[in-house]
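Consider the two complexes below, in which subunit A is the common component and subunit B and subunit C are the respective partners.
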Partner chain A sequence: MEEDLMLNLKKQIIEVLNLEEISPEDIADDAPLFGEGLGLDSIDALELIVLMERNYGIKLSDPVQSKAIFQSLKTMADYIAANRTK
Partner chain B sequence: MDIYISGASQISMQEPLSTGWFTQPVLYDASYRRSVEADYRQFIAPMAARRMGRLLKRAIAVSSDALRQAGLDMPDAIITGTGLGCIENTENFLSAMTFQGEELLQPTQFIHSTHNTIGAQVALHLHCHGYNSTFTHTGISFESALADACCQMQTGRIATALVGGHDEMTPGYFRLLEKTGYWKPDATQARLRLADTPGAMAGETSVAMVLRNVCSDTAMARIAGVSLLCKPDDRRLTEAVEELTQGTIPDALMTGRSGDCADARIYRHISQMLYRDRVPALWYKHVFGESYTASAFGILTAALCLQRQTVPAPWLLRPEDVGRLPQALQNILCITQFQNKVYALTFLKSC
Partner chain C sequence: MYITAYSRITSSHVLLNGQPVQIERTDKDWLADIYGHLGIRYPKFFKMDMLCKAGFLAAEMVMPAIADVKRDEAGLTHDTAVLLFNRSASLENDTAYAHTITPADYFPSPALFVYTLPNILTGEIAIRHRLAGETVCYIDEAFHADTVYQAVADCFRTTPVVNVLCGWAEYYAGHCDILAVTVRRGREGLMPFTEKNLQNCYTNI
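Now for the complex of A and B:
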């Protein structure tokens, strides 16, 4: 179940951020999403916030909390598993 | 002050980033052709390109290529003409608003749905912090950008400028205009030349030109002047042409004839009124199609004619005019009009 969520999340991130040359296997579960790792930026963060609300019904409003959630794919998936409404 | 076109590049339905089309254009029998895409990886890193729509990628590619041709790393100004900006992003953004109840909209689509995104993205790519302006003036958007660049140079504010004309034609926008009869259903080359029925052939424009205030080895043509007119009557148009050309009869007229019958009547009238139809008329929209900034192709083609001192057959509206062209081409007057409301005159001279 958790693996399914992780794989779906990877596919959704690739689609919404248009990461054309990256496949789900290229995204390490624990690698940082911002700065190093995938090297995402602040506009990507906005896209991920929209993705969380649209696909999982999770509304993020606390920037400090968001920073922790978006640390890696695993932290994102853990938060979604515990808080999703759809 | 003398202003020179020192480098230019294009992406269109012709071979991209090339001038092969000048002597051997591909002539389509079609109402609608999208541009042939270039290999953008040589200009933009994949991570930077992933957020860009095709119009932004084209703009960056032609801008980089024109700067390379001109031997210039950084322009003093980036000035852009566009009729609709990144309309594909605008359509996506508006569709999302409609279908998702104005909530959860993607920020990238919104950011790119403004007209000045093109000039801004080119500036970000080049790290250019100079003057940056965008003109959205229907069919004379490119000439408006060109006129601004000339003004900035004449007042000594800048010495170089990157001037662009960029428009895309999405299937959705094509269909909307199709309903108004804007496009010719049977847009063959013969019908476009004949121009006896309404409608044109749809195309897309991505053109970049580098302007300099000095004549370098790469200079293609000199811009002797640009004039913009709103609803001119015959007398005002004649005066503006005489003022621009200083009474010189140009070697050729580069017209914006699109193949539409009403449009053709206007250009026939202009040619008759100004020069009793004795100056050879050239055209380019049968090669590049119609779009708000298509006139950039006319100026580019005219500049190439002056640089290479030849007018290849495809650009002559009447093939028999070839014998009326002088041996040494000295100047070409480019005339653009949009719905007989706004006019742009660009007078080019050989270097």
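Now for the complex of A and C:
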């Protein structure tokens, strides 16, 4: 189940962030999403917040909490699994 | 003032200095195929709106003409300005953004929002090529060589820039119409920078 969520999440991130030259296999579960790793920027972070709300019904408003959630694909998936409303 | 290079990208043609560039078509979109042909490695390209993608690619083709420009320790050059014109501003992307803020489906897209200004195009080009000179995007009803000529001449007269990247960057409703021209102060280049030559760069496809 969690593997399905991880794979779906990778596909959604690639689509919503237009990561054309990256496939789901290129995204390591524990690699940082920002800085090294995927090298996402602040606009990408905002887009991930929209993704969380649109696809999983999770509304994030605390920047400190968001930083922890978006550390890696795995931390994001764990948070979604525990808090999703759809 | 001399034209040192010019490129044209339309919905069906690509030209560099008047010569057709053959683009191998794939299952990707037209601009992505041009990106692939040019051998560019710039992942941010795929995050851009269509106007920025098209203008970015046209600029990419002519920028070797200013490769010898002076740069500071940080790699920036103050010697090149970017003066582009278009008709539809960022309307293509504005429309896409508007679809994300309908009352029935209200999820405003930050990635689309950042491209809801046409001068983001000149900014993207400046970031890519480390240009710290003047950057402007003017709106006009159509391409007018005399207006572009006047803006470039004014820029050379009132600022110390050595090169100006100028032209027309229009993208709306799938219609792509881009002209990028590098103009250099002095008497070296492909042809003198005149209204007539500029018009020919736009018209001759």
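Everything that follows uses one rule, which is that the second predicted complex is superposed on the first by the 86 of 86 C-alpha atoms of A that agree within 3 Å, B and C clash if a C-alpha of one lies under 4 Å from a C-alpha of the other, contacts with A are read in each partner's own complex, and residues count from 1 in each chain.
Here, a residue touches a chain if its C-beta (ideal position, glycine included) is under 8 Å from a C-beta of that chain, and two chains touch if they have at least 3 such contacts.
Given the structure is predicted, the values throughout are model-derived calculations rather than measurements.
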*State whether A:D62 touches subunit B only (first), subunit C only (second), both chains, or neither.*
neither
*Should A:E47 be classified as contacting the first partner (subunit B), the second (subunit C), both, or neither?*
both
*asked:* Looking at A:D4, would you say it contacts subunit B, subunit C, both, or neither? Reply first, second, both or neither.
replied: neither
*Where does A:E36 make contact in the superposed view: on subunit B (first), on subunit C (second), on both, or on neither?*
neither
*Contacts of A:N18 with subunit B and subunit C, given as first, second, both or neither*: both
*asked:* By the touch definition above, which subunit A residues appear in both interfaces, subunit B in one complex and subunit C in the other?
replied: 16-21, 39, 43, 46-47, 50, 53-54
*Which of the residues in subunit B end up touching subunit A in this complex?*
46-47, 50-51, 100, 104-108, 111
*subunit C touches which residues of subunit A in the complex?*
16-21, 39, 43-44, 46-47, 50, 53-54
*Touching residues on subunit A, where the partner in the complex is subunit B*: 16-21, 39, 43, 46-47, 50, 53-54
_Can you tell me which positions in subunit C touch subunit A when the two form their complex?_
32, 43, 46-47, 107-111, 114
